[in-house]
Amino acid sequence: MPTFRVELFEGRTVEQKRQFVEAITKATCESLKVEPGSVDIILVDVKKEDWATGGRLWSDAG
Amino acid sequence: MPTFRVELFEGRTVEQKRQFVEAITKATCESLKVEPGSVDIILVDVKKEDWATGGRLWSDAG
Amino acid sequence: MPTFRVELFEGRTVEQKRQFVEAITKATCESLKVEPGSVDIILVDVKKEDWATGGRLWSDAG
Amino acid sequence: MPTFRVELFEGRTVEQKRQFVEAITKATCESLKVEPGSVDIILVDVKKEDWATGGRLWSDAG
Amino acid sequence: MPTFRVELFEGRTVEQKRQFVEAITKATCESLKVEPGSVDIILVDVKKEDWATGGRLWSDAG
Amino acid sequence: MPTFRVELFEGRTVEQKRQFVEAITKATCESLKVEPGSVDIILVDVKKEDWATGGRLWSDAG
């Protein structure tokens, strides 16, 4: 029952998300020996103004 | 201090959310013997294109 | 597909958890009109030394 | 590698977020003795209709 | 900067986790066109008594 | 009502956690103009074998 929550910068197309969840699910099934139907993935689009590394918002990165 | 984070498909009305948090809080207080004021619930609306099961986005489910 | 993550202080028995997830699932199905099988709940036991309110660890609350 | 996820009511300006992540990162580095570059912070804006305390949505608080 | 949090039933060996994070990171880099160093994965082991589907704890599943 | 979830490597003492939550709460109150009592912080200790960057578990980092 692996359940993924993935935070990533916003801006991916639906086609990119489609390929991503297919690839992640396949990789999970192969490495953990689980069935595809048991894999849930939730994508969380994050704005660059809502993510900071080293104390600086990514929207401020030059 | 139970704190809930609930991910659900977007599209609920405020009235549905209102009834949902009332029902969840009541069920929590009765089963865990806590005070209502100690129950926090955060709802997270998820688009169907951001949730996949079995490697397929729910927006692609026919 | 509501998916719950619930953080609560450690110390509940399995029987309390059993009653809690039954009550939450029932309340969810009634208020959101979903099927029980679509409700997932993950419980996260938190130590009092790992939860702070107002800048004070709950393990320090007199 | 402390990674923060902070849920807060929506409505902060980018300048407020900027000051907030700077302050949190500084406080983290001083108290945990880590390097700024190892601190990640993700902010999650929550609508008042998506947060309930005591069974009542904050959008209903008078 | 994709950041994963993956909840899965406890009981995997370190070798299984090692293969899993390698596979997930590779799949992420190929499908999202990001660098490996930007991929963080946090694994969360969940006991069967802490996960319920359909109102029943997995530790109770016969 | 800022609510923090902070994932960090296990191994901090209670005294370090105490200083950390004090510092984070103070920084939050000053930068966001909120009351201390509205700040909740949950710490999540993560084992090095449960955190990967760049496809490698931190427990494998030489």
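A, B, C, D, E and F label the chains in the order they appear, each numbered from 1.
FYI, a contact is a pair of C-beta atoms (placed from the backbone, for glycine too) under 8 Å apart; a residue touches a chain by one contact, two chains touch by 3 or more.
Keep in mind the model is a prediction, meaning the values are calculated, not measured.
Novice: Hey, what chains does chain D share as contacts with chain E?
Specialist: Output, common partners of chain D and chain E: A, F.
Novice: Using only Cα atoms, superpose chain A on chain E and state the rotation angle in degrees, rounded to the nearest 5.
Specialist: Going from chain A to chain E via C-alpha fit gives 180 degrees.
Novice: Compare the contact pairs of C-F with each of C-E, D-E or A-E and report the one sharing over half of them by residue number.
Specialist: Repeat interface, by the over-half criterion: C-E.
Novice: Based on the averaged CA atom positions, which chain is farthest from chain D?
Specialist: Measuring from the centre of chain D, the most distant chain centre belongs to E.
Novice: Using CA atom averages as chain centres, what separation in Å is found between chain A and chain C?
Specialist: 25
Novice: Roughly how far is chain B from chain C, going centre to centre by Cα mean, in whole Å?
Specialist: The computed centroid separation for chain B versus chain C comes out at 12 Å.
Novice: Based only on mean CA positions, could you tell me how far chain A sits from chain F in angstrom?
Specialist: It comes to 22 Å between the two C-alpha centres.
Novice: Indicate the residues of chain A shared as contacts by at least two other chains.
Specialist: Residues 1, 3, 7, 22, 24, 26, 40, 42, 51, 53 of chain A touch two or more partner chains.
Novice: Every pair of chains that touch: which are they?
Specialist: A-B, A-C, A-D, A-E, B-C, B-D, B-F, C-E, C-F, D-E, D-F, E-F
Novice: Touching residues of chain C toward chain F in the complex: what are they?
Specialist: 7, 46, 49-57, 59-60
Novice: Okay, in this complex, where on chain F does chain C touch?
Specialist: Against chain C, the touching part of chain F is residues 14, 17-18, 21-22, 24-26, 36-37, 39-45.
Novice: What residues on chain C touch chain B, complex-wise?
Specialist: So the residues of chain C touching chain B come out as 1-9, 12, 16, 19-20, 22-24, 26-28, 30-32, 51, 53, 58.
Novice: Within their complex, state which residues of chain F touch chain B.
Specialist: 1, 3, 40, 42
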